[in-house]
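Several structures are given next for inspection.
Both of the next two complexes hold chain A, though its partner changes from chain B to chain C.
Then we have the complex of A and B:
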């Protein structure tokens, strides 16, 4: 084969940089996973293999409590975000371009552009007022806050899917006596499903992972798993943290794989 | 029974479609009138951008006319959405639903109409039979070939028994051989179902071989409507003559007019007989059109189109003689090649085009 000098892979040092990048990305994660199985109480000194920290995390009421809360919030937030994002994506693609459309894109994707800490402080101020007025201090605030920053993550894959869809299909459905609602139910929605699933999973992971906004918005006793872990770091730390993070990691890998296989099957 | 006497399936009355406003105003269709009879295979023929697809979209309901009426069996359907018109479409890209099987695609229309299950099943079997796809009924549509997808698209559009079937260049994505097969197939299906077909194409050969009648369109207007033979032998204007087949155009002046023909004195001084255009008595300066195969090469003479042979191009089945007439015009004669006969004509040789009876046709427009 002739050497192509314009191929990036043929540039000197390419292999080295690649290796370095992979190490920088995965070495810390590998270390975290390895020390989750540490028998000793140290995060840095290896004391033999054990699964005790998984058992201890599982039996820790605070961890259980925070985990369930995290999942409940993530389910609600990603469901609401996906619904909103689907409607937004339909409204911004099933139309001719008009003045103000770019502004709407910006508005929908605003949480990606504004520093999270700004949103966090703003929500803290607004929600504390509402708490005083209504007396309600449940999980609703966290769900709402998470929904807001999950919307762009749900919106992007759904919009990508809609833009790739042949509009003639919807026309064909209408031609075959399907009302607009039937066209949506029988043609648009089924074809949109992979995008919706991707959007939902992405939102779920993003919500599960959030620290900054959650830390500001949560009331007392509303720790999610990430804020609980952050709190633990301030006290004595044991490989229990590693064990929780490892389970987290496994969960997200499984989610990504499920999504990958769903998409593969459809192609 | 002529097409005009049969009951009208579709009548287009003064339909215009204008896009944009002000400087960006584009007239896609202007004042189109057409009457398409029941059971007719009617073709809209024209170059891309002539408005044929726009007209089809207006009939299907994917777009609405700026002006005019579209009557389906006498009822104006122009303002109705597509799902309220008893008209179905075969799309250029087929637009089969990729998440459904062949059978689900074909049943879709009947399901949307809320027909009973057993009726849908019977009709589905009929349709699969009609397009020879029974063995493929449970396949996903991306698992079948382009030609088979075409058949499914046809069956899907025919299943709800539309009053009119619209076909938007349905054969353009197929290769030559498959296209020929599908042309025959479409004619057969039309004859078997008795449904009115409105067929859009830019392929003149396809239009000539398949259609009962053809409307030739250009620049958003219908230039001529007629049978394939009428369009080819008696093109009404220069655009039609130029677009369909090959043509020689000659300028001349009408000297005398009889009931069916006129004497035209060409610029070279030769007088020829030419047929009159429909609905118009010509006078003064006119253009006549002569098809290359309606003339033959021969000896120069006072009644013939004399000139010198510039080129003789051999095409196997026939030879094209390009003759530079004494008037300066280039004239093409097409002759079928017969094996035994004829000495070769040589370049630069004095030669003449002999016109057959009623070879010349006077055009409506003056060039």
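Then we have the complex of A and C:
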């Protein structure tokens, strides 16, 4: 290449702005993580390296409870969402358009269109009345609410996968006298697996991250990790919150990386 | 109709029935725990407010809706504009526009820069944008709080550099809201912009240079018009969650700088005015729908333009 080659794509200053963008994106997160290892109680004065806040977070009963509750809800919600979304995806792909198909798309994707706070208060209205009527105030409401907003996140990758699969292999299986169930079990499902895994992981992360809907739907003593953290932010915080956030962050990054590599392998 | 046709038709209607059964659980869950409650809320917005929250079931009134914009004077019982609500609605719209603008100013050059890297490094850059995108919103808001606090990183750095003498009060201002939203929603602008710039045909740019355009002209007359669908998509993706923001203004803005989301919460909490809260929620939803409609119309038009 010639040295004074004219670069068509270059625009002056864009590299600098990009640098600033990434600096701005990562600096706050980096600061959060660094101060999680602060030995002092302060969030601004560095008192040396220590893992004491991780230990204190680990031994904090409220944090333990909230973490377990978060994981239980996320497992239930993402399992239910993935199961129902897989069925819905099978029902809405690889067919000629039929009456009600657009209606199904609109309904399934509806939770993506409405601001979370609006869904949250609408659920508060309905569930608070049902709680009075039935006397039941367990985790079921949170699982149901999470499942509903996880469904579109599970549905989209599964549907995308299905649309890329033609019916040839399934027809071949049927020609070889496989029953519809055998065909599904031995041909469709294995081909669909990457989509299902992606959908499950997406909805798991989405459920784990949720603050707003959980905050409005939960009954007393049903804090999840995010709502616990939100409650703590109201008062003076110690690096313990940073420690919790750091672990949470690490978990999300690991899940995203797994997700990223599954998707890359597919291509 | 022949027997074969009849059989084919019967098979088809059986297929469609099975497809409804198969999608029923997902549809049911969404109806029960997402769409249905919205209709209940619409109903609630037309009821008389209860004394301790909730509503007086079956008693209808338009008070909820009228108090979105108007308030009754306690002394002479005349209707006046509800200034506090108008201020909050205006703040929400203003801050959402500014957030969209700021994310675009930072996001466009970033997306452009990433899209013009070699394929190998490009993937890493995109991955680096995706990580903050998937990081919990609350954690990112909290991280921002630690940066802009009075004893935070930003103020400490500015004092240390000698630019200011005493810390700037950024927390609990509109600036804090704006910084927080720009920070949190920036990846939502970069990703769709990147997707459209990546598809840009640089032969058109080359043609522009051949015709003696300078860099700025190429950017304004060739690149920007061609990637405008990406700009619109990114703007919608940023504008809509900004309008409904709840966590960011709650943590960074504090009680004096509420946005629509916090006003809604207030009505269901201390305000004990559920019909008003329901009416504001539906107003917010309507604003979002308008934004979406503008986007769909725009997308349809630009799609038609390419055909």
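Assume the second predicted complex is superposed on the first by the 246 of 267 C-alpha atoms of A that agree within 3 Å, B and C clash if a C-alpha of one lies under 4 Å from a C-alpha of the other, contacts with A are read in each partner's own complex, and residues count from 1 in each chain.
In this section, a contact is a pair of C-beta atoms (placed from the backbone, for glycine too) under 8 Å apart; a residue touches a chain by one contact, two chains touch by 3 or more.
These numbers were taken from a predicted model, which means no experiment stands behind them.
In the superposition on chain A, A:158 makes contact with neither chain B nor chain C. Look at A:28: by the touch rule set out above, it reaches chain C but stays clear of chain B. When the two structures are aligned on the shared chain, A:84 is found in touch with chain C, with no touch to chain B. Residue contacts after overlaying the shared chain place A:179 against chain B, while chain C stays out of touching range.
In the superposed model, C is the one of chain B and chain C that contacts more residues of chain A. Looking at the shared chain after the overlay, A:243 reaches neither chain B nor chain C.
Interface residues of chain B, counted against chain A in their complex, comprise 60-62, 81-83, 87-89, 91, 93, 95-99, 108-109, 112-113, 156-157, 160.
The part of chain A that touches chain C in the complex is made up of residues 6, 8-15, 17-18, 20-22, 24-29, 31-32, 35, 43-44, 80, 83-85, 87-88, 90-92, 95, 98-100, 104, 107-108, 110-111, 113-119, 121-126, 128, 144-145, 147-149, 151, 155, 205, 208-209, 211-212, 216, 226, 229-230, 233, 241-242, 245, 248-249, 252-253, 255-256, 260.
Of all the residues in chain A, the ones that touch chain B in their complex are 166, 168-169, 171-179, 182, 186-187, 190-191. Across the interface of their complex, chain A is touched by residues 15-16, 18-20, 22-23, 25-27, 29-38, 40-41, 44, 54, 106-107, 109-110, 112-114, 116, 127-132, 134-140, 142-147, 149, 151-153, 156, 183, 186-187, 190, 202, 205-206, 209, 215, 219, 240-241, 243-244, 246-247, 250-251, 260-261, 264-265, 268, 274, 277-278, 281-282, 284-285, 288-289, 292 of chain C.
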